[in-house]
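Here it is: the structure, laid out below.
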Amino acid sequence: MTRANLILLALIACIAALPLFGEAYTLRLGTIACMYAIMALSWNVVGGFAGYPSFATAAFFGLGAYIGGVLLARGMPLTMAIPIAGIGSFLVAALLGAALLRLRGHYFAIASLSLIEVFRELVNNATDLTGGGMGLNIPLAASAGVMADATFFFYLMWGVLLVTAVMVIAVSMSKLGFGLSCIMQNETAANMVGLNTTLYKSVAFGLSACFVGAAGGVYAAWVHYIDPSDVFDILYSVKPIVMALIGGLGSPLGVTIGAFVYLGLEEVVWRNYIQIHSGVLGVLIVLLLLFLPHGLTSLRGWRLWGRAKNV
Amino acid sequence: MSEILHLQSVSRRFGGLQALRDVSLTVNKGEVIGLIGPNGAGKTTLVNVVTGVTPATAGTVKFDGQDITRVKTYRSARLGLSRTFQIVQPFAQFSALDNVAAAALFSQPGEGLKAAREEARRHLAFVGLEAQSGQQAATLTLAMRKRLELAKALAMRPKLLFLDEVNAGLNSAEVERATELIHQLAADGITIVMIEHLMKVVLNVCSRIVVLHNGQLIADGQPRDVMTNPAVIEAYLGQQYAQRIGAHG
Amino acid sequence: MVDPLAADTSIVELKGLRAGYGEIQVLWGIDLAVRKGEITALIGSNGAGKTTLMRALSGLIPVQSGAYLCEGEDISKATAATILSRGIVHVPEGRRLFGAMSVEDNLLMGAYSRQVSSSELKRDLDRVYTTFPKLFERRNQASATLSGGEQQMCAIGRGLMSAPKLLMVDELSLGLSPLLVEQLVAALRTLNAEGMSILLVEQDVITALDLCDTAFVMDMGRIVRSGSGQDLLADPIIGEAYLGVLK
Amino acid sequence: MLAAQILINALVLGCLYACIAIGFSLVWGVLNVINLIHGSFIVLGAYLAWGLYQGLHISPWYSLAVAAPLFFVFGYVIQRLILNRVITAPVLVTLTLTFGLDLILNNAMIYYFKADYRKLTLTPPMGSVSIFDVVVPVDRLIATVAALALTFVLYLILRRLRVGRAIVAVRLDRDAAVLMGVNVNSIYAIAFGLGAALAGCAGVLMALIFPISPLTSTAYLGKAFVVCVLGGLGSVSGALAGGILLALIEGVGSAMIGPAHATTLSFVLLIVFLILRPQGLLGRKGFE
């Protein structure tokens, strides 16, 4: 295992200690941090490893949230609903991937973007099942007090993050990861050496959806109420990309750090510029792309981070 | 001799352009065939049709007795059909070693990465790139990338090997070296179909020559017969060239 | 090596020109002179750097170092548009026509950067149609639907519309039948007889050497030989390395 | 008469859709950039028309003449200063960048105009006419004609003007255009400016028909996507065909399975089309 991957696992282990210092706000932030890291790490499988510009994260986050939410609302225990949300997202994504990943570049980006729209409309229209635009109420899992709940959901999200990180590291060291790297570099050549690119890309797309879907399920249980415009928000698709761009595409440790840095920025903006927070976010994105094309790693060139760790 | 590849009335269209027209061709085990013709005659298209990159619009392709007309590229690669590209197609960020390892890894299901790297080392040695095994493919010279391409094709344990202009862009010494490699491969029993512009190499290596012109097969036979075939001279070699061969040969 | 009088007689002169793509250097110090009124040929195997040299000459890729003189003036830092305005016109490999445009629109694009009256434009257009009557027949047809030979005519015609002093043709004969090549060669001879300088990159070495006054042989990004076409045709080393002539 | 109703509505709406999409298609085709600000440009154009009418009683028909140069300059500057710096970067970067720019513009609009819906109501109202027993409001009809005219103006620019020919040339073959002496960077900026101007003008026309709110920008963008994919990229005729086809599909879809599903249908169709026929309905390159 590479040093960067070990650092990543250590970093995640450190986060687990957060409840020791916990007040409700820290825990909430910690839970979102884990959720963002899950999204960024998952996106990295298809966007960073295989090089396909996917904008589908929000689609699978919403899908998972609704699978989990609906099952929980019908009385299924959390321990079953969350895995089903993950597996369901994996299957849907893998199947769709087989068709969508034949597209490249802009066309793939658009198709993945429209998945959000299609899923949202489907959920909107399946009123009997999902409550449609009115949203879906999810019963409290176990009401043992505000702090206990917050801690519980933090660890739940953290657990999903840990599994995601282990998955991503395993992929990066496996034949699958090697194959995805081949696809990213030269898909024609990858086909020619006997690599089943459709299968590999579909699995990658499925994996990128699986834990995002599970996180969606946890999110639904955590917030007790979801509606289509909340969970199928295109920002959930763009944020992981920005995180990955901050941290440097392809590196699991990089994108995780990118997720945390992004969350930090977002918190500051939210608190101070509530009215214009999405505009400030836009400015951040523009500045990042124009001046730090390789994310934080570009800073090393400025010698400010001369002795910083190689992320 | 038993046949390994059989094309029956193969055609390929690109929109209005008929790139291949009713091509029938048989390749026998152990042969080294030279595929020649002017630029744009459809040579590379022929290779693309056989390897499933751009499937035939009509006709059938059989490989080792199996119909592979509609088979996907990666499958035909696993069956033992491998090729090099005219414009080299390396995994640019990988080391030379991993380039070849990828070929070994994915063409043989069940192979592990470690074993694939071991095998890759052997093939790199064979083409003379041991010293560059750790070097990033993008930084290799053109001649080295051509040889890397060959090593990749070999790592797939081919039964039939298509070589698409492996000598293009190489200087005389490098051409000589590549020719030697091809001789060695043929001696190892690999069937080879090579697209080549350098007639010197074709005549030196090939046991049979096939000529394409405007997507049609216009000649197929012994090198000396083909070189004196009036249709071939008209379409490809040109009168002056034929005179030179006459004068020298 | 370089003729001291070259500045007067040469239209383009290169001294130690280096160029390439990004990090990859392709040309390693090219010295050559293209003389006014001559047909100059550039030959060499695939990948020797001929097309790269053409792209550097027309400003498609930057000159990294060395001098690029046009009629004695250094234009190594010039943009493609400036180079074009000096009358150095590049007919690229693969024709690169604007496929969806008609033949006539393609020809007019050739005159895009010239500030001329419409009557002058009309006259130049007529001249192209006289040189290549086939193009006149097809003037309203989308250029993508032309045959290979007609496309090459259209590409050369488009080059002519830029009012070249030096016409650079990359891979004249690529994919064309010998008969068509003969026609195109005849057209180039006529243009040359009318005073146009021509730089020809050609795979078919015999055609090139027969046609040209002076030839340069490239290998691995360097000029390895030069001389008159006839001398090089007779040179046994050239014969072996680049003509593929059998011993 | 339902069929006639659907058909005429589709023709009217289809021209508007084409007008929404045409600038987007131009930018995508020429710069190879998916311009996610396009939807917000349209909304901004609608606000411009609304403001000029409410504030200065300038009729929307005259607002077109204001919007076109204003948006052209706006687009030109954005391309020159920002987009041009990453024009050669991968899809991911250009797409995310235009998304960021859209966030800024859209947030600014929400900040100044608030998110509620406004309506530009002409006084006196223009009434409606009936064509083959199908009732069509006059303002909508005029907007449609104007949309068609705008589309045609772009066609003329590309067809007749020197700069238009250069835009087409860059779209067809960038390197060859450079060899003709075309300054590609300036063409990129002009094309982006034209795209913005068309979006602004489309917005002015939309203001006559639809409620105005920053929240509608994604809907416009979505239509532009679908039209481009259906009709094929980068041709005026393709955008028209795509626009009418989309309107027709929505009309028939609404009639058969209910209006709630019409958008879903169009997006499903988008994905199917992308996979089966990525070159679009007409499948031709260029703006001819």
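Here the chain labels run A, B, C and D in written order, and each chain numbers its own residues starting at 1.
Simple rule for what comes next: a contact is a pair of C-beta atoms (placed from the backbone, for glycine too) under 8 Å apart; a residue touches a chain by one contact, two chains touch by 3 or more.
As the structure is a computational prediction, the values presented were derived from the model and not from experiment.
Path length between chain A and chain C in the chain contact graph, taken as the least number of steps between touching chains: 2. Shared contact partners of chain B and chain C do not exist in this assembly. Each chain gets a centre from the mean of its Cα atoms; the one farthest from the centre of chain C is A. Centroids of chain B and chain D (each the mean of its C-alpha atoms) stand 49 Å apart. Here the CA centre of chain A is 44 Å from the CA centre of chain B. Taking each chain's centre as the average of its CA atoms, chain A and chain D sit 32 Å apart.
Taken as a graph of touching chains, this assembly forms a single closed ring in which every chain touches exactly two others.
Pairwise, the chains that make contact are A-B, A-D, B-C, C-D. Those residues of chain D lying in contact with chain A across their complex are 28, 32, 34, 82, 85-86, 89-93, 95-97, 99-108, 111, 218, 222, 225, 229, 260-261, 263-264, 267-268, 270-271, 274-275, 278. Interface residues of chain D facing chain C in the complex, by the touch rule stated above, are 162, 165-166, 168-169, 172-173, 175-183, 284-288. The touching residues of chain B, counted against chain A in their complex, run 51, 53, 72-75, 77-78, 82-83, 85, 89-94, 98, 102-103, 105-108, 112-113, 152, 155-156. Looking at the complex, you find that chain A touches chain B at residues 175, 178-179, 181-182, 185-186, 188-197. Across the complex, chain B is touched by residues 45-48, 145, 148, 174-178, 203-204, 206, 219-220, 240-241, 243-247 of chain C.
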